[in-house]
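Once you scroll down, you'll see the structures, which are given as C-alpha cells.
Both complexes below contain subunit A, partnered by subunit B and then by subunit C.
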Partner chain A sequence: MNYLLQPYNYDLSDPASIPNLFLDHLYLVGITMLISLIIALPLGILVARRPRLYLLVITIADLLYTVPALALIAILITITGLSLATAIIPLVIYTQLVLIRNTATAINGIDPLLLEVGKAMGMNPRQVLLRVALPQALPTIIAGVRIATVTTIGIAALAYLAGQSGLGDLIFKNIATTDFDAVVAGGILIALLAVVADLLLLAVQTVLNRGRTSVSLA
Partner chain B sequence: MAKISFHAITKQYPGTSRPAVDAVSFDVAEGSTCMLVGTSGSGKTTLLRMVNRLIEPTSGEIVIDGKNVLQENPIALRRRIGYVIQQVGLFPHLTIAENVRVTAEIAGGWTKQRLDKRVDELLELVGLPPAEYRKRFPRQLSGGQQQRVGLARALATDPAIMLMDEPFGALDAITRERMQNELLRIQRDVQKTILFVSHDIQEAFKLGEQIAVLDQGKLIQLGTPVDLLAQPANDFVRKLVGGDSILRQLEYLPVIDALEQDTVASARGGDVPTFLSDATLLQAMLKLLETNAPALAVQDKDTQQQLGFITLASINREITHAHGHKTERTETAI
Partner chain C sequence: MNALLDFIADPHNNFMGQSITYLRICAISIMLAIVIGVVLAVAVSRSPVLSFIAVNLSGLLRAIPVIAFLVAVVPFLGIGAPPATVALVILGIPPILLNTYTGIRGIDPATIDAAKGMGMTYWQILTRIQAPLILPIVAAGVRTSAVQIVATATLAAITGAGGYGAYIFDGFNTFNKTAILAGAIPVAVLALIIEVAMGWLERALTPIGIRREAVQSQMVVKQGEVAKA
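Then we have the complex of A and B:
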C-alpha cells in the first residue's frame, strides 16, 4: 500500500504519476467505448428482427471475442506498430459481442402493441421513437454498455504493450524491477475504477428501468 | 360532439377472396353508444380501426361531423379520438399520472397546472383516488385498475369520439360487470360518441343504444336491443342475440308490446296497479306475481295517458308469438 500513500506519486507534473496514469486510462476506455458504440449500435439495430443476419454477425463477433487480446496486440504491432490504434483495436473488438447482442435484444424486446398504442393516440414517428421505443430499449442497451465498460477497464492495462500509457504501466513497468508495491497499486486502482464505473452505470440503468423489475447488481 | 357516418366502407386485404369489411353503411348518432358485434372474423375490429385510420379502407368513406376522415391528417385525427383496447397497453416506464397525461402532452397546448388538475379529475372519474394511484406504476395495478387508467388516458383530451375494442374482454366476470356499470355512469356525464366492439351479447345489450351486427364483413342488422330481439333480420342475428331465450325477451321487450285493451280488469275499472310504458315485460310479470293483481294498467311515461292493460296471459302471448315467428322463419330457411 506504500506506493499509494506516497505524496510524490501524485505529482501532476510527472506524466507517470498516479493521477496522470489514471486520466490516460480513462482516455483509453472512453475512446474505446465511443468507437465501440458507433459500430455496435447501428449494427445491433440492423440485425434485430433479422435472425439470419443476426446469426452471421454474432458468430463473427464471437469468433473475434475468442482471440486472446495479448495475441491480437502482438499481431497488430507488426501492422500498426506501437500506436494508439494497436491498443484500441483489440479493446473495440472485445466489446462488440456484448454490445451488438444487447442492442439487438433491446430492439426485439420493444412491444409492438405499445408502438401501436402510441400511434393510435396520435404520436408522430419522432414521438413514438422518443416516448415509446427508446425508453423500452435503453435499459437493455445500457446493461450491455455496463459489461463492456468494465471489461474494457481491465483489458486496457494491456495498452502498455502497445506503448500507450495507462494504469497498466504501474503493473508492467514494475514487474521487471520487482517493485511489487507498485504492481499491487496498479491492480488496486484498476479494480477500483472498474467497481466505480460499474456502480455508476448501474445507477443509470436503474433510473432508466423505472417502473419495471429491479436491476440485478451482478 | 360528433356523428360518425360510414358510407359503403370496404376493406379488402390483398390475396384474400372476400373483403374483411364489405360495403358497410350506417350512422352513429352524436353522443350515443353503438356496439359492433359478430363472430371473430366478422370485420368488427377492422371497421373500428378504420375510423382512426390505423387501417386504411380500400373504398368508401367515413365521415365525422361532415368531414371525410381520409382527407384529414391522420395524426391530428387520432389526437381527437379516444382509443381503448383489451390489452390496455399502458407504458410500463411511466407512472399512472404520466400515462394518463401522455395523450394530452403529445397533443400539446396544456399548461403544467392544467395537466395536473386534469389527471386528478380523470383518476377521480374512473374511481382511482389520485393521491393513492398517481405515482404508482402500471405493473403494480390489477387488470381492472389498469383498464380504468386506459379509459382515463383515452378521455384526457376530452375527445368527442371513443373507439373501444373489447376493453373489458380480458377481465373476470365480476370486474367486467363493475367496469360496464362505471362506463355507463361515466357516459351519462361525458356523452361521448362511442363505437364499442364486443363479442359478448350481454355486454352489447347492456351498453348499446344501437347494436350493429356484422357477419363476414357485411352489416346484417342495425338496431336497438329490442329491435334485434323482436325482429331479428335472420337466423344468424336470432342466434347471436339469443332470441330463443325467454328470459332475455322478458328482460328487454317493453310492456307496450304486450298491451291489450279489453280485459276483465278494464271492465272493473282502475283499481289495478299502474305501470309506465318504458318498463320491461319482466318488471311487469314480477309486479303481477308480487301483487297477485289480475292486470296492470300501463300509462304513457310522458303524458301519463292510459294506454291499455297487461296481464300474464298477454305476456305469454307476446313471448309465444316471438317463438312462433321464429319457427316459421327457420322452416323457410330450410
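Then we have the complex of A and C:
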C-alpha cells in the first residue's frame, strides 16, 4: 500500500507517475472501445435475425476469444513490432464476442408488434428507429459494452509488453526488482478502475432501462 | 518456420520438459478447481446468504488482473509452481461454481416431483434426473475455466514456474522472435483444442430431450467467461 501513499508517485511532470499512467490506460481502453463498437454494432445488426450467419460469426469470434492474450500479443509482436496496433488489436478482438452477441440479441428481442404500432401511429422509419427500436435495444447493448469495458481494462495491463504505457507498467516494470508494493498498487488501481467503470455503466444501463429489469447476456 | 522447428528440436531448449511442466500445472489446477468449485456450489446452494456471498465474490474476482493476483501470492507461497497453481485454481473456481450453482437452482421442482410420482428412489432421482440436467451446465463452466487456466498458465513463468510462458518472456527479453513463437503458438493451439473438445463434450453430455433449450441457456451460462489473462 506504501506505493499508493507516496506523494512523489503523483508528480504530474513524471510520465511514469500514477495519474499519467492512469490516463494512458484510459486512452488505451477508450480507443479500443471506440474501434470495437464501430466494428461490432453494424456486424451485430447484420447478423441479427439471420441464424446461420449469426452462428458463423459467433463461432469465429468465440475461437478468437479463446486465443490467450499473452500468446496473441507475442505473435503480433513478431509481425507489427512494438506498436500501438500490437496492443490494440488483441483488445479489440476480445470485445467482439460479447458486443456482437449482445447487439444481435437486443435486435432480436424487439417485439415486431411494437415496430408495427409505431408505423401505424404514423411514425416515419427514422422515428421508429430512434423512438421505438433504439430505446428497446440499448439496455442490452450497454450490458455488453459494460462487460467488454471491464474485460478490456484488465487485459490492457498487457499493453506494456507491446511497449505501450498504462497501469500495467507498474506491474511488469517492478516484477524484475521484486518491488511488490508497486506491483500490488498496479493491481489495485486496475481493479478499482474496472469496478468503477462497471458501476458507472450499470448506472447508465439502469437509467436507459427506466427501471425495467434488464436482460443482460454474455 | 524452420527456425521454429530447430528451436523445438534443440535439446538445449528442453521443449518436451517445458511442455510437461506446463501441462502438469494446467491439469492439476483444472482438477482442483473442478473439485473445489463443485463442492462449494453444492455446499452453498441451500443457503441464500452463503450463495449470495459466493456468487458476488466470484464476480468480483473477475475484476482483479490475473497477473497482479499471481504476483500478490508470491510473498506467501514463494516462487515456482505452487503459487502459480494456487492462483490458477482460485481463478478457475468462479465459472465452475457459478455454473454448478445455476444448474442446481435451475432444475424445475416439478421435474423432481414428477420423478417422485413415478416412484423413483432418491438415488435414481440423483443419477437419472439431476445429474443429466446439471452435467452439461457444469461442463460449460469447466470449459470456461480450462481455457482460462491454459491461457493464464503462461503468466506463471513470471513466478518461475516454467512452461511455455518461459519461452515467451525469455523471447521478449532477448528479442528472440523464434522463442516467442515457440511459446505462443503451442499455448494458442492448446487453448483452441480445449475449447473445441469441451464444446463437443458439453453437447454430448446434454440429454437429447433438452438439446434445443440448452443452446439457448448456454448463452446465459457462459457469463463466467469474462476474466482473461
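Here is the rule we use: the second predicted complex is superposed on the first by the 212 of 218 C-alpha atoms of A that agree within 3 Å, B and C clash if a C-alpha of one lies under 4 Å from a C-alpha of the other, contacts with A are read in each partner's own complex, and residues count from 1 in each chain.
Convention: contacts are C-beta pairs under 8 Å (C-beta built on N, C-alpha and C of every residue); 3 or more make two chains touch, one makes a residue touch a chain.
For clarity, every value in this text was computed on a predicted model and none was experimentally measured.
Participant: Examine A:113 and indicate which partner it touches, taking first as subunit B and second as subunit C; both and neither are also allowed.
Facilitator: A:113: touches subunit B, not subunit C.
Participant: Counting residues of subunit A touched by each partner, does subunit B or subunit C come out ahead?
Facilitator: After superposing on chain A, more of subunit A is contacted by C.
Participant: Based on the superposed arrangement, let me know which partner A:175 touches: subunit B (first), subunit C (second), both, or neither?
Facilitator: Second partner only, subunit C.
Participant: Kindly classify A:10 by the partners it touches after superposition: subunit B alone (first), subunit C alone (second), both, or neither?
Facilitator: neither
Participant: Taking the stated contact definition, name every residue in subunit A that is touched by subunit B in one complex and by subunit C in the other, in rising order.
Facilitator: Looking at subunit A, the two contact sets are disjoint.
Participant: Can you list the residues on subunit C that touch subunit A in the complex?
Facilitator: Listed in rising order, the residues of subunit C that touch subunit A are 60, 62-69, 71-72, 74-75, 147, 150-152, 154-155, 158, 165, 168, 171-172, 177, 180-181, 183-185, 187-188, 191-192, 195, 219-220, 222-223, 225-229.
Participant: What residues of subunit A sit close enough to touch subunit B in their complex?
Facilitator: The touching residues are 113-114, 116-117, 119-124, 127, 131-132, 135-136, 208-212.
Participant: Mind pulling up the subunit A residues that touch subunit C in the complex?
Facilitator: 62-63, 65-72, 74-75, 77-78, 94, 98, 101, 105, 147, 150-151, 154-155, 157-158, 161, 168, 171-172, 175, 180, 183-184, 186-188, 190-191, 194-195, 198, 217-218
Participant: Which bits of subunit B are touching subunit A when the two form their complex?
Facilitator: Per the touch definition, subunit B meets subunit A at residues 52, 54, 75-80, 83, 85, 87, 89, 91-95, 102-103, 106-107, 137-139, 153-154.
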